[in-house]
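First the structure, which I've put down as structure tokens, then a few questions once you've had a look.
Going in written order, the chains are labelled A, B and C, and every chain counts its residues from 1.
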Amino acid sequence: MAAAGLRAFGTKGPGWLRRSPWAPLSAGFCSRGPAGAGRPELGPRLTSARQRDGIRNIVLSDPKKRNALSLAMLKSLQSDILHEAESRDLKVIIISAEGPVFSSGHDLKELTDERSPDYHAEVFQTCSEVMMLIQNHPVPVIAMVNGLATAAGCQLVASCDIAVASDTSSFATPGVNLGLFCSTPAVALGRAVPRKVALEMLFTGEPISAQEALRHGLLSRVVPEEQLEEETMRIAGKIASLSRPVVALGKATFYRQLPQDLRTAYHLTSQTMVDNVALKDGQEGIKAFIQKRKPIWSQ
Amino acid sequence: MAAAGLRAFGTKGPGWLRRSPWAPLSAGFCSRGPAGAGRPELGPRLTSARQRDGIRNIVLSDPKKRNALSLAMLKSLQSDILHEAESRDLKVIIISAEGPVFSSGHDLKELTDERSPDYHAEVFQTCSEVMMLIQNHPVPVIAMVNGLATAAGCQLVASCDIAVASDTSSFATPGVNLGLFCSTPAVALGRAVPRKVALEMLFTGEPISAQEALRHGLLSRVVPEEQLEEETMRIAGKIASLSRPVVALGKATFYRQLPQDLRTAYHLTSQTMVDNVALKDGQEGIKAFIQKRKPIWSQ
Amino acid sequence: MAAAGLRAFGTKGPGWLRRSPWAPLSAGFCSRGPAGAGRPELGPRLTSARQRDGIRNIVLSDPKKRNALSLAMLKSLQSDILHEAESRDLKVIIISAEGPVFSSGHDLKELTDERSPDYHAEVFQTCSEVMMLIQNHPVPVIAMVNGLATAAGCQLVASCDIAVASDTSSFATPGVNLGLFCSTPAVALGRAVPRKVALEMLFTGEPISAQEALRHGLLSRVVPEEQLEEETMRIAGKIASLSRPVVALGKATFYRQLPQDLRTAYHLTSQTMVDNVALKDGQEGIKAFIQKRKPIWSQ
């Protein structure tokens, strides 16, 4: 699937996106219509996306601006994540970036007082929607990081389900240096690493290395740069070989039970297990295992 | 106390077990009566238990079936944990396993569509009850792991208060490979390790080493295999030398305050401290310390 | 600012301290009036405090009693933290200690039955108030630890926003040895480290090393003893160079969003970001960055 094709389809938010207290942002974006080469008035495309064998690669493609998460970039990313989210051909998403900076976070030029507070609000709400979209999306989303990820860029890494990074990557929330505390990035960071690690990053703005990020839970895996793509594709390929409805059920249930008290969580997940066993792919998987053959998934 | 003796006593659930929205499972098990050599119609015993000097050792004893947590195994384990839970002679429980696999999780033959959804529900609910029982039990429960712990076996390790493992042990939640996402294991795993670690394990099904498990909080301690029993017994012996009511009060309060907001948690625990000071063993301990002598506990 | 001067000022609790279900403790302490050399009837001062260049150093100064957190010590510490908390001259607080023991926790002589349960309650409530005060305070609080921190002393380290320790320091919650489970320390410890680490510390009373404390999230940073002060002052100096209102907004928001569900947390923090951008220092910081100059903060 070509990136242009991706963008050409509607991006109407499915049910799991509509739990927002804010007006759905996707509606606004939909009305904008397809972007890219065919619509030069909207400028160059800020992300590119391609999909093959169930794996969608979304690439932040504005290296000259250090892949800043401008409103346009956020909407482009959102569109690429939302595109045909319910398609059985989609099994896993990888988010990576062109150039030495994964992402430097918000575009500060959008945050001066030349823009209204309403505009600033749109920037932060859109960013928050994208981060929640990753968690609410039916397929796993993997960050593949090679370089520096700062502020909302670090938030993006923290928000993905899995994060693989090269050993020369680093991570920071330096907003405090600019008088703009990384309060939205702190939502994702504070749920990924111990609070003392998060607070030192937030209060000093200093970067941590990939190894520190791994040790503290911000990353799932660190590899030498030359193995980054191979290792990420290996994990993505593994996930793409699995049953999509089973993975989707498991992902949604994981995030739902995490904040619950233990008894409520076990009540929910015991029911999920019963439902999972009853899925066509649940029975197929168990039978294939007992019969010592490879399972054939419905999707 | 011999294992047969253990099983011969009733296992009626104490008050702290009756908070379940499900019917108490222990009742059904009690009516089954004592299992083991004397009741061959129930098959061989799936766990064995012995108790000495306040330390109860419960061993998963079905190595040919990789210590699968079948419904019978779960009920046997539940019975051994519940047995005389309120006895002052019991100070700490160790759960270990025979053979190279600590536990492979659920018995898949119990999860095919040859069994009804009600039966599947009983399997998952019983398993969840056992996991919560460990947390709600008045004495600390230690997992001593030497080998592979997967799916609900990994959940069992994550659910114990303390977990000691040999350095060759490994841990996985591979259900997704069989079309059966480890959603109940994810409850315990997601509360033990950072979410990115949990999600990579859940989405890929790949094992992590004992060292990784230690680094991420799934284990308390990793030692060479030849020191595993000694180290576990050292920790258990230390706990067995302490005041049972003090440990029980502390354990119950720890899990109760953990999900609370800070002020509620401090309100609860400040009161607990006052109550603890007022306990006979609280005063004995403080006085013994001031008088530079060994305390003599009430139990 | 001399310590005596610090103590000479009132310490009436600001609004953010008055959320307590308990009567404000500061009132009682205020009526006590200034302590120290001028009031020998109150005994020697238990903490000392000095402030320079926005950095307040508070030192536990009762090394002969292993810096026990007696009621008098807690009130002295509370007073030094609360003193002119709203002053724009205060940017960051460092808490350290004289002697080889950072703090050994409560003074056990205050917990015998020679004192009433009401007195015991005052001890634990005051301690809890101090710990919450650190989190509710508008400026970051850093623990600088060189030595042993046990029980409520370990709680104090866990309660600070950032903790730097020498590599020979160690940490324990040994109350269980004295029949007094560290239930209040467990509130802070259980929010800083994985639960299996916390529970092993609480159940066995055994110490963990500085390196283990760092690995598990109890510390932000570990350095050789001879670099401890330099490294801590480097971090404090960095924070002191930042905008106080921006840091205060960020700190308060961080702790507020942490227990919230994701959507509520993003709703709150998106609004915080908009408010932060609108702050004078928010606009100054962004403009200085765009203009490639150093920002000049309002405070």
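The working rule: contacts are C-beta pairs under 8 Å (C-beta built on N, C-alpha and C of every residue); 3 or more make two chains touch, one makes a residue touch a chain.
Listed by chain with UniProt protein names: A, B, C = Enoyl-CoA hydratase domain-containing protein 3, mitochondrial.
Computed from a predicted model, the values in this text were never measured in an experiment.
The minimal number of chain-to-chain contact steps leading from subunit B to subunit C is 1. Of all residue numbers seen at the subunit A-subunit B contact, under half occur in both copies; the interface is built from largely non-matching residues.
Annotation: 35 Å between the Cα-based centres of subunit A and subunit B. In subunit A, the residues touching two or more other chains are 191, 193, 215-216.
Listed in rising order, the residues of subunit B touching subunit C in the complex are 140, 161-163, 191-193, 215-221, 235, 238-239, 242-243, 246-247, 249-251, 253-254, 257-258, 261-263, 265-267, 269-274, 276-279, 281-290, 295, 297. Across the complex, subunit B meets subunit A through its residues 19-21, 108-109, 111-113, 117, 120-121, 124-125, 127-128, 131-132, 135, 176-184, 186-187, 190-191, 193-200, 202-206, 215-216, 255, 259.
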